[in-house]
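In what comes next, chain A is part of two complexes: it sits with chain B in the first one and with chain C in the second one.
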Partner chain A sequence: MKGQTMTFDQPRPLRQSMSWLHTWSGLLLGWLLFAIFVTGTLSYFRNEITFWMQPELHGAQPVATDQIAFLRALALLGRDAPDAQQWSLTLPTPRNPTLGLSWQAAENRPPAGDVARERPDQSGIRGEGEEGGRRGNRGQGGAPSPDSAAAERSSSDGAIRERPNREGMRGEGEEGGRRGNRGQGGAPSPDSAATERSSSDGAIRERPNRGGMRGEGEEGGRRGGLQREQGEPDSLAAIEDRPPVGDAARERSNSGEARGAQRQQGQGGGGGGHRGPRLVLDPASGSTLEGRPTAGGNFLYRFHFELYGMDRIWARWIVGIATMFMFVALVSGVIVHRRIFKDFFTFRPGKGKRSWLDAHNASSVLSLPFHLIITFSGLVLFGNMLVPSAQQSAYPEGLDAYRAEARRMFVPSDIPKPSGERAPLTDLAALVAVAQNTWNGERVGSITITHPGDRNAVIEMRQMNFPGLTGGRNIPTLRFDGVTGEALATPPMRESSLVQAIGSTLNLLHRGFFATPVPRWLLFLAGIGGSLMIASGLIMWSVSRARKSPGPVPWGHRLVEVTNIAAIAGLIVAIAVHFWANRLIPANLATRADWEIYAFFIAWAIMLLHALLRPGKAAWVEQLACAGALFALLPVVNAATGGLALPGSIGRGLGLLIGFDLCALVSGAGLLFTAYKVHNHVPRARLAAEKPLPGTEPALLPAAMEEAA
Partner chain B sequence: MNLLCLVLSFWGFAAISAGMERHAKDIFAAAGSLRARRLRLLAGYILLALALPAAIAAHGLSIGIAVWFGILALASSALALVLAYCPRILRWALR
Partner chain C sequence: MKTWLAVDPAVRQRIDVGVRTVLAVLGGYGLALLGAAALAAGLPFDFRPDAVSLAIMLAFVLHLLAIIWVFATATVIRAVVGLAIPAAFFGLWLLSIRFG
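Presenting the complex of A and B:
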């Protein structure tokens, strides 16, 4: 706030410096941060959002684990993938009531020399479609130029882990897509790779992905599936960005799958329209369900750290820099706040700027632990990209050494080879019961069956929920003989160093993999608090200046006002439009998932235009009212376009749909109420009377934000 | 257990606010003696501390601590709104 009077040629008190820093670091990237926070907050429910966006799945009947149609599922797998190397089942969870099936084709590769062969091959492929020249180069070398991380990776680790898949896939003729998936799943860039996962693991896994990073995509479902199919529960698969949990796997799978489809259409990810081996079943009846392709919650999730339509590495850098600004703003904000304890609970509504400051302080201070952790862990997730020197100084010999060491941490699968003798599978339902007993009632999240139909079949059950934050990405796993049903030794756990443990704990906290419903809602609410903090800070910049300027509005103030409207109210409208588009775009339109995303951006652009053309207050009121109406009507749209309506979801106890519809209703009502209050608001400041003020209604705007998020 | 944790933390924050002069005036009409306020503060901190084991009982140690922070944020935000709009309703809960 001291921005206007601040000069740099004389000493000034610490607080004044910090206040300047806080104001401008907050303003400069505040709009982007608001979008990151809102979409990131929604990402805590991306699973639920994706499910809502596939009304074809709403018919799934939630059942207890012992009533799941395992026999039917196995019959389907036996029909579609009798020779698969591995089958995977994701069991219904509170976050997704469907049963997911996927498989990994058998390795039909030549036994020798594959590593060598694989590399060039793989990289070639990658190079090919994706990153054009750059990648190509890397790829072809098959290797090791220092920064050719991607190629390198793929050759090294990629070769290790991915090989089987690849080949398999290839066999199926969908390599492109497949590969893409994997890639995508992964990660983005050599360095960014790291970003997603903590520390070294990340690096390891991501490698293969480099390719994917590009356009492709999203972590597709496929990937979730694949990995889990790999049957190396404790391996990298388990530590990487996908938690080995049912939910999370699905998270990817659903949206991923859709995404996959979309990608193939939209971005030409290679595979040609094949959706990959993944089936979604109604767990009660075992009948298959076909979800429409959708951008799903995954779009919002991706957007919050990779934005859209630009190079992912650039996007991640931008988000990383914004995150750093956020961190600066948080720390300087604490320093600036003179009465952090005295004003701890203070909120004085109806007092203009004072109220905005109170709202800003309260939303910041009361959730400060969350804000600090989410921001810091966000930086740590980007750590390898933002601070490559850490890796470079620890491994002066070069990236190879780093990778070699990371690879050593990877525990190879110790599942025996198939015997070649056929034997029937044991009763899955009984094993699930055994597993749940062993875990004192903790539910099974996913099941993988390696070498199904062989005498050496092995069944692994993974727990649905993380037992804690400190165990790294290890999740309790039990292993059984697939034919006799006898319990086998549990697979080896992955050891982690202290650094990895800290990294993975921060990662878990940030991404909420551990979160059962209560923690998840708390994270969501805290995220809303963060969105409110940013929004109130942005609005305060305008409010505090509006009073002081009697003359014509300086262009800078108008710029901030317009941007505030478009970035805050406009974003909320765009999100609502995204959900509407999901239902209004024909379900069989090939590029529909892309259009859902385009609808989001088109709506946002229109809101920006609208904010430019209309006076400030009118623009606020209209956009808030528009967002409110769009949200409030979402449950109606849901019911009218094939989704399960609210009474039905309550009757069936489908919490995720109830949650979505009720949140939409509450947000809509809150936004409309806010629009109404802003409309009726008379600015306190006399000076302001002759020109439009941005929503000067103190208590309400934040409430609106809250609803919308 | 989650609910217990929420109740304890809300109550704890309410007691702490009642130990602060400004809010005590809003809640009780009079700030009360310094000694009484100190007692409320102390009671408030104890209640907040008691909320932690409740969260841990529900979620295990590591997740429980994270949940405790989340619930504290929720409870304090709720209290800030109560203090802003209807502080008097807190009277019955705090002497």
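Presenting the complex of A and C:
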């Protein structure tokens, strides 16, 4: 508190107390918030990141799936899962140029006929799907995932049933999974109900794209790998969500998970095999692609809200509390900044603290709506966990009642039960053409086949790019008789109440469930703006104090300086090392997905050590330069280790690889430039000692920097 | 009051900040929980999960406002009163729903 003292026991201006609150709420968990922001920002492209991290998949041709690929896909599904309750295919999308296959085993299904079929799941599932998806992905790619997929599935039995389709997604599902559990499975995850709901919508939408998720499977992958090793049930996902919910529910889900896990092993061949619920095909040739096991973008995604290596519920509480700090820092910062718009157009470079302040203001104000929404929606996503009293109060009869009622938000599925009579499937490629005609050329994103091989088989096609950011949770869907191919009535759409619409919009925005790249890129850029805002705020704390206190550096200031370096520059180095590790660790090493993560943490720890041992400025320069070099060379590493090089990805129009490589180049250049600027920087304090600072009249200094009298 | 004023101003300030921090974090969270409970049970929605969702959203806003109030107001006494009044309101509302 040395820098800014304030007296609380006498009247003082609001802005002064808010300035104090802004400073301390921002600093206290600022380092954690920076990591949450950076990993969350990258998570908008986690599918792309995971795809990049599986160079084995880079050869996939981003073409429309043709009849031969469909035949081959159905043959694979028929061979591997002839008795599945549902098969899912995710078609190539700009976010994932592969064809993904997954299925939901019939055994899993719980007897619960009713529940099972509810669509809610679907939604839920999907929601999860997104996550699930990634899992799934992983699974696919890395094979390891299979289990996870299975697990998830199982976990969500409920879910499973429900949405077989989604299954795929579900696979993904970490969230989904859990969701599934809850929602669907009947395992109600009460908590998440609200959230999930929304998420589900989001998910839903997403899915199409993500359908791809599938591919990506990052998490799935790693989960499959890691968790398994760790002995964690894959279905943690399922669990995770659920907070401290009812024990009964939890047990249920646990058992579900356990079951899942077993199953997984059974199916997945112990997880070791490459076959599993999720397969990845080249849509051009129909040949199977096997990606290396990788932590993928899912590691960053999980870290964003569950950190790593600790109990998920605890981690979520920590992240939730940090988010509340962020919320307080944001709003108090806005109150402090009455001249917010004027300041936005002010940038005074080369003026020490003033420049940092300008940078902090510009990065904050530029995307202030984003910061507020992302922070508030982050809280709401954990709402059932953080504010358990709402559900408890509204449902004195218990969690199950809440879940049951929340599930009504979803429309039950009306797909008939299997007849038991075998019948061949109709021509899938022809149905895809029909669907695309019906949609005036909009492409099919995913296909689910319920009761494949049965007389009552039903095929559902979901659109890849559904319109609208917030238009509802319903992706345009067409339904066909699986044997005759004739169109059936489309599944009922659900209406959202205002509250549900708000909830799903928040979820949608937070998680970037968009089919189109533009809003996703805007979120990504806003996330970078948020990261810069936090970083500049943290640095400003140090810079402003350094100037104020000549003489020996107080230990508190040195602590903040070292932590700033390690938390900001060190984290960026660690992320770069994570990507390098992906390519340098042998592709056939069984535990490679874990080692990608260990490499991240080892690098981070080394950066902390380095920051401790070196003078502040030198540490900044060296770490920024190191991060810059590592990022700038990533495209080279990609090309040298089996990935599709930049010229090739540009030639083939593989936007996700182009985006990754170019982002790495731009970030690397930016970091190197920053290191150069820091290297040449003359501390303002030294200048200040020589002559008075012009333009520092108190009236011009925003309150955040004012010193209490 | 006199003894309080006699304390070293630096110490007094630390105590003041400490008390306010506890009030903001725990008191504010308690108020948010209570408010969410009252709103979830009392908001007139036909579909109860909507009331739960909205109550959760409002709980975060409530906690935020409580924190700002606690640090912005002149004295600790005022900070406590400012939390107690809405807490009493939500508490009575909840009681009237349960037992009214």
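Observations, loosely collected:
Heads up, the rule we're going with is that the second predicted complex is superposed on the first by the 492 of 709 C-alpha atoms of A that agree within 3 Å, B and C clash if a C-alpha of one lies under 4 Å from a C-alpha of the other, contacts with A are read in each partner's own complex, and residues count from 1 in each chain.
In the analysis below, a residue touches a chain if its C-beta (ideal position, glycine included) is under 8 Å from a C-beta of that chain, and two chains touch if they have at least 3 such contacts.
The structure presented is a predicted model; accordingly, all values stated were derived computationally and were not measured.
Contact with neither chain B nor chain C is seen for A:440 once the two complexes are overlaid on the shared chain. In the superposed model, A:392 lies in contact with chain C only, and not with chain B. In the overlay built on the shared chain, the residue A:14 is in contact with chain C alone; chain B does not reach it.
Shared-chain residue A:588: touches no atom of chain B or chain C. More residues of chain A lie in contact with C than with the other chain of the pair chain B and chain C. Shared-chain residue A:680: touches no atom of chain B or chain C.
Residue overlap on chain A between the chain B contacts of one complex and the chain C contacts of the other is empty.
Against chain B, in their complex, chain A makes its touches with residues 342, 344-349, 362-363, 366-367, 369-370, 466-470, 505, 509, 514, 516, 518-519, 522-523, 525-526, 529, 699. Residue ranges on chain A touching chain C, taken from their complex, read 1, 5-12, 14, 17-18, 20-21, 193-194, 197, 324, 327-328, 331-332, 335, 376, 379-380, 383-384, 386-395, 402, 405-406, 408-409, 497, 499-500, 502-503. Across the interface of their complex, chain A is touched by residues 9, 12-13, 16-17, 20, 32-34, 36-41, 45, 47-57, 59-60, 63-64, 67-68, 71-72, 74-76, 94 of chain C. Interface residues of chain B facing chain A in the complex, by the touch rule stated above, are 2, 13, 17, 20, 22-23, 58-63, 66-67, 69-71, 73-74, 76-77, 79-81, 83-85.
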